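Chains here go by letter, A, B and C, matching the order in which they are written, and residues are numbered from 1 within each.
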């Protein structure tokens, strides 16, 4: 009998060509990213110094500092997440664990998916008219607007995470008499934590990078809060995040300052990502000792 | 349609082999008494070794049964068939053994005419043959009624044995000159009676094969 | 009858239009192992889940009839399923330890039922692990993740987890179908041991296993209970032709 040979006689040219193309794409993607980061740092690092980071801006004294904006950024991140995380996670739990499939659930699902794709300026417009009417240009208005914006992000990621929790965990817990909520609290949420955190990281990314939705809601104040009460009062005061300040500086043509802020912004995003990654690792039940 | 084609085939082979062994034993029985009638000493001497073949058949069937038990783990009616086959071949082998022993005895007795010792002998030889024939057929054809007939026929065999014994005792009391012959004839009757018992066993294994009960005691 | 732990009468179950269990009547005696056998989709797993109302979790399921557990109807509206499932524990086909430590897995059930005392929990965990014949293998690493155990160990851990709430009945849904032969044997040995204290109901596709471990066997076909009897009778001389065809492998 004639045996078929398994020796490759000639590799197909199209295969090789495609492989080369794919490598090229990968290099382009990484190269572009590194290029941008490199360029931003190269343009910006001279502007960044200690006083740039720890003083607030004062046009009258001619001092340029972004301490106020850094605090505003962190402030709005915390405030938004404080509102968006429980609502997003709670909504996801409802949709995944409680709601019976039907028209209503499909509608909610569809709404969430649509909300993810809406341009942020529309949120800004809505926030400005709706929350702005009540709270004026303030951190609270900004945070509430952003909450609506990042809600779908957190909800969807939580849903994805809940879906990957094996059903056997659910039946295992219910099978030994756990109530539904006890099961969700002790099994589902811990198992879904990495996914929830992914949602939170993405949300942080969007908040930090947002300008359009904040410009007409939180405004562009750059003062540091004064003392403990100041931190509370800040809720109702205008405050621009670093991204807003960056935009304003660009608008004034002060590119060096803008790049300096960009540097700090990149560093902050990196820091926040590392922090959440670290937290995710700590919270991941499978490594928990 | 059964998904266990190979298993069914092996069970059928087992049945055929048991049938073959039963036929071999019955042929042996017929040959033995034919040789006795024709006073064919050579044939009779050859028959003394006849049980070797039967033993080979027994081992072969036993090995088949054990292989089926191991590989196919039969349950319910299949388990009853296989375990009954294991027991039946033992009975068949014992019958073969008794036949060889009788052949040896007849050679020693120089091919006697049994009816000389008791007029019941020809009847007993015939009835015993009928009994084992029925028992073997009942088992192979899975005929419970026929198995029961074989079991019931045993009382007749026992009666023949008692009659022959009485005749021989009478003969010995009357005239002790052929004491050896009488004792050998008595042993012949005993062998036939034992063969009948094994036939009864085979009949009972047929009933077990169908019901899982033997002597109305549940085994399985 | 006094010694029947579970007594099911006229049990019918519908999945929407599908009549999945048809008029089931059966008694399960205390301190025995009952095996449920039958081809896939015959309703045996569904029946098993009826015994601790795990079917409640499935949409569109309707149950009627009576399931008496120690004389109380488990489908009575007054039944607390948490208490029911404490009394009737369940072990699943795939070992499903929770993604937490061995200790926490076992303590999970007792904690649901309000046991917080550390030394009491320690004692329960140890006893449950011993009861599931896995204590010696894990006693030095109770704080290690349960998912690091082998499949067979995980399944025995799940049995231990079920035992930790001190159930009276243990339901097992094909508990060894995902395990290697040695682990399977360990679990079978365990079942034999468990029936001294518990009533065990086990669904299995492995008929040899049913024959090995059970005292009684029930054969299901197309949602009907065809025959339930002592295991020796089912495997020795079943009364129903369908049972015989199934167990001898002549089921078309």
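As a working rule, contacts are C-beta pairs under 8 Å (C-beta built on N, C-alpha and C of every residue); 3 or more make two chains touch, one makes a residue touch a chain.
As the structure is a prediction and not an experimental result, all values here were calculated from the model.
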Seminar exercise, completed: Per the touch definition, the chains contacting both chain B and chain C are none
Exercise. Among the chains, which one keeps its Cα centre farthest from the Cα centre of chain C?
Worked result: B
For this session: Report, in whole Å, the distance between the mean C-alpha point of chain B and the mean C-alpha point of chain C.
Result: 51
Seminar exercise, completed: Averaging C-alpha coordinates per chain, one finds the centres of chain A and chain C separated by a number of Å equal to 46
Exercise. So, what's the distance in Å between the C-alpha centres of chain B and chain A?
Worked result: 92
Problem set entry | For chain A, residues contacting two or more additional chains | none
Problem set entry | List of chain C residues in touch with chain A within their complex | 52, 54, 57, 59, 81-86, 89-90, 92, 94, 96-101, 108-109, 112-113, 143-145, 147, 158, 161-162, 164-165
Exercise. Tell me, which parts of chain A touch chain C in their complex?
Worked result: 100-101, 166, 168-169, 171-179, 182, 186-187, 190-191, 285-289
Exercise. Any idea which chain C residues touch chain B in the complex?
Worked result: 207-208, 211, 232, 235-238, 244, 247-252
Exercise. Tell me, which parts of chain B touch chain C in their complex?
Worked result: 1-4, 7, 73-80, 211-212, 218, 220
